[in-house]
Amino acid sequence: MARKLLLEKAHVEGIRHYDVYRREGGYRSVEKALKMQPADIVEEVKKSGLRGRGGAGFPTGMKWSFLAKPDGIPRYLVCNADESEPGTFKDRYLMEFIPHILIEGMIVSSYALGSNSSYIYIRGEYDWITDILEAAITEAKQNGWLGKNIQGSGFDMELYVQRGAGAYICGEETALLESLEGKRGNPRIKPPFPAIKGLWGCPTVVNNVETLAAVVPIINEGGDEYAKIGVGRSTGTKLISACGNINKPGIYEIDMTISVEEFIYSDEYCGGIPNGKKIKACIPGGSSVPILPANLLLTTAKGEKRLMNYESLSDGGFATGSMMGSGGFIVLDEDQCVVRHTYSLARFYRHESCGQCSPCREGTGWMEKILLNIEKGKGKMSDIDLLWDIQSKIEGNTICPLGDAAAWPVAAAIRHFRDEFEWHVNNPEKCLTENFGLRHYADPIHVPTN
Amino acid sequence: MSDEIKNIKVTIDNITIDVAPGTTILNAARQIGGDVTPPAMCYYSKLEGSGGKCRTCLVEVAAGSAADPRPMPKLVASCRTTVMDGMVVKNMTSEKVPDARAGVVEFLLLNHPLDCPICDQAGECHLQDLGYDHGKEGTRYQFARRTFKKEDIGPYIQLHMTRCILCYRCTYVADQLTNKRVHGIVDRGDHAAISTYISKAIENDFSGNMIDVCPVGALTDKTFRFKNRVWFTKPVDAHRNCTTPGCCGKATLWLRGDEVFRVTARKDEWGEVQSYDGKPGWICNTCRFETKKTESWKIEGVTTISRHSVIGANKYKTLEMPNETVKRVMKGVEPKLLMDIHSISNVNNPDIHLSDIKGPAHSGDFKK
Amino acid sequence: MIQFKETSLKKVAEIIARYPEGKQKSALLPVLHLAQVEFGGWLDVPVMDYVATLLKIEPIEVYEVASFYSMYNLKPVGKFLFEVCQTGPCMLNGSDNIIDYIKQKLNIGVGETTTDGMFTLKTVECLGACGYAPMMQFGKTYREHLTKEKVDAIIEECRAKAN
């Protein structure tokens, strides 16, 4: 059984409420942190090797050390709880069931960064979770963990929850800040980065929910101890939200040393594929990362067992690998159609494009239309190359990473499942009723016995 | 600005130039000029915050700076990227840029109606120029194009959203030149549109400048629409003592004969409103829409148009006589007509013998 | 005249107080949520103009924002709004069938409202409940692991509430 840091107490009755959370050792990290120098906390986070859990995997301590500290100008910490990447629902779980761990992490982090007003920007659809968070904040305040002169330390801090209103793009940190300022969620053109000019033009750090929650065990146990968990540059634990065609969808905390195979098939985690079916493909890190056929998912191109961590999941680059991303693990079984699934994701990105820059605004809709044609048996062979060309013209050429996020799924689907696209073109009638099924990439390990 | 310290060295397409700190790659390239300068559809140097959106000005940064000579991993928007000392930029010399730019042009044209012959902007359209210079022939888009209804936003301006490329320039004009913005961007993604949302008139003295900054035919001058083709009109620089605060009173009049067909601000070689003493020469709606008599203006002379599009052709100052090719081919003989259609032409009067006409024949010679 | 009730006005003041002085525009999204709940489930132009006045911003700034975010309804909706997720992970688990079933059951298309004004069906993109698919947003919360039977039960529940 892997070590749990965030979900250790998840099943304690009443952990959502302050009294239980405190009884179980909650807010110890705040007590400890307030006796430390802010710079030492940043140092611990650096030592921990914690990487941003929102998707990009940028080292958190380094991000914190970039924060500008000009005199007389406030600094802000903003929590990115705009969890919207298809396949990802881990932050929701943390906030819904253990809201105090986020609040605790935010107090420590705000103290480290010098933020006296911090904000949780939560996706608008998580309406009831907003209530849960606000209730928890009230409890924390009543118990002296927020407000003026926290625990006699002289540190003042207020924490507010702000709801978005339905826009995936607000998960991009500068779009989030725009939205928090009451504007359209158009990503800003960088530089300047938020660390220099963020919320209301002030230096700002934006961190994911899970990242900020992870600060709690890092301070409690020390950065070095945290770094001992995991492997290589994948330190600590990671929440994986598993969904799609698996027996046990849900949230799992892993220590990043287990293999993908174990994660999918062991009863401790996903519990295998329902109805004895084979796995066809998987998107291991949220919808925008490359889809992998089963064979490349379970082993790398070099033939090594693929592990559930940053390095191993991206082994082979985009040619034969994928990414850890946000930890949204989407499994497709043998009955699923990759063309249809790719179309669905293309529709998602078209719907979520802010429309600010031309490659994304125009390109996402174009890809969606072509994919729908292929899916409906109306595609041409040249459409496949056209799709490839369109995605290549979007990738890297947009203001924000949404362009890449829209391009990668299409590119990976064509890269690994071109035969399925061609089959759709060649079988315009059959593709409406039948399934392409499995080919060479079928899971070579788990042949169902029945 | 001549006393500006220019101590930052940047190399663009193998041409090195010294520029002031804080200069963007695009503005550095504009200082060099010519093909080195990337095209810009949304950036407008007189509008703060503009740029970064259209992606036509993407360039390759082959070396970030002298201190950190690593290349930048992605192409960057030159209009919003500041030069660093020792930076090496590739625009026309890049292997990646032309392809990426052709892609951007295709995206911009994807939902743009290709009906230039009936568009009022034709001849002075930046998208037309961009398409010719950086686009590819034909379209690969096989779906219905996005369309919107035409909308009158006030008595002077028509908005035809179908042609808009969402450069946002007009919203910056409203923000920065007027005290009340009533139009903006509504909706999002590929449905995003310039709109007042409630079909409201845009009423303020400087709204007409939105037409000048619009790179395409989305915002057009209702007092000029379809009255003439821009290339048939003759632009002259003129000024008047305008009493509207903030109006520079310096304009270009677009004439046909003595008739003023339209009035615009004066444009520089990048198609932007010219600056006077470092201030943009915006003009007010009275000058633009209400002052259409030549006697209200003091005409300075023929406008030099340095842009290379249709309106730049045949205009006027550096008029060059064409080579007298025919005369040369005919070994010095000046022909009356190239072919003998004299006897069958409905225009010519066969009763008038060609040898009676002195010099080259003109239509008037047959009407006698 | 459009005016928030007293408790909402207090809430608006509370929200504005979260931001530094002069940054009251930041309250726009939360205040629009309040307005949508209080003024009939959608944002009519006079409602948005009222919000603009409250926050001392131009009406266009409100229209720009309201039309950007998918949760704001710019047209009237039924008493009960079914927002069914159709993105990848939900699709893998049969969200298309659920959408079809609701269409047939309520005899409306996507984006339409039943003639009695009771139900509106919308399809939405990923709501972060991928492990509990198929699902829909129903008011403040989610309804997950949808089946035809569950859809029937929800519709019954609505009808009971309406009576």
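Just so it is clear, A, B and C label the chains in written order, and each chain counts residues from 1 on its own.
One rule holds in what follows: a residue touches a chain if its C-beta (ideal position, glycine included) is under 8 Å from a C-beta of that chain, and two chains touch if they have at least 3 such contacts.
Because the structure is a prediction, the values reported are computed rather than measured.
Judged by the touch criterion defined above, the protein chains are all mutually in contact, each touching every other.
Chain centres defined as mean CA positions place A nearest to the mean of all protein CA atoms.
Across all inter-chain contacts, the pair with the most C-beta pairs is A-C.
Rounded to whole angstrom, the centroid-to-centroid distance between subunit A and subunit C, based on C-alpha atoms, equals 25 Å. As a whole-number value, the distance joining the C-alpha centres of subunit B and subunit C reads 44 Å. In subunit B, the residues touching two or more other chains are 185, 187-188. With touch defined as above, residues shared between interfaces to two or more other chains in subunit C number as follows: 61, 64, 68.
Residue positions of subunit A touching 2 or more other chains: 167, 184, 351-352, 354. Taken together, the subunit C residues at the contact with subunit B in this complex read 45, 58-61, 63-64, 67-68. Contact residues on subunit C toward subunit A in their complex (touch as defined above): 18-20, 23, 25-30, 32-33, 55, 57, 61, 64-65, 68-72, 86-89, 91-93, 124-133, 137, 140-142.
Remark: subunit B residues 51-55, 58, 73-75, 77, 80, 82, 99-100, 103-104, 106-108, 110-111, 140-141, 143, 165-166, 185, 187-192 touch subunit A in the complex. Across the complex, subunit A meets subunit C through its residues 74, 83-89, 92, 117, 119, 123-128, 158, 160, 162-168, 179-185, 200, 241-245, 249-251, 283, 287, 328, 330, 332, 336, 340-341, 344-345, 347-348, 351-352, 354.
Taken together, the subunit B residues at the contact with subunit C in this complex read 180-188, 195-198.
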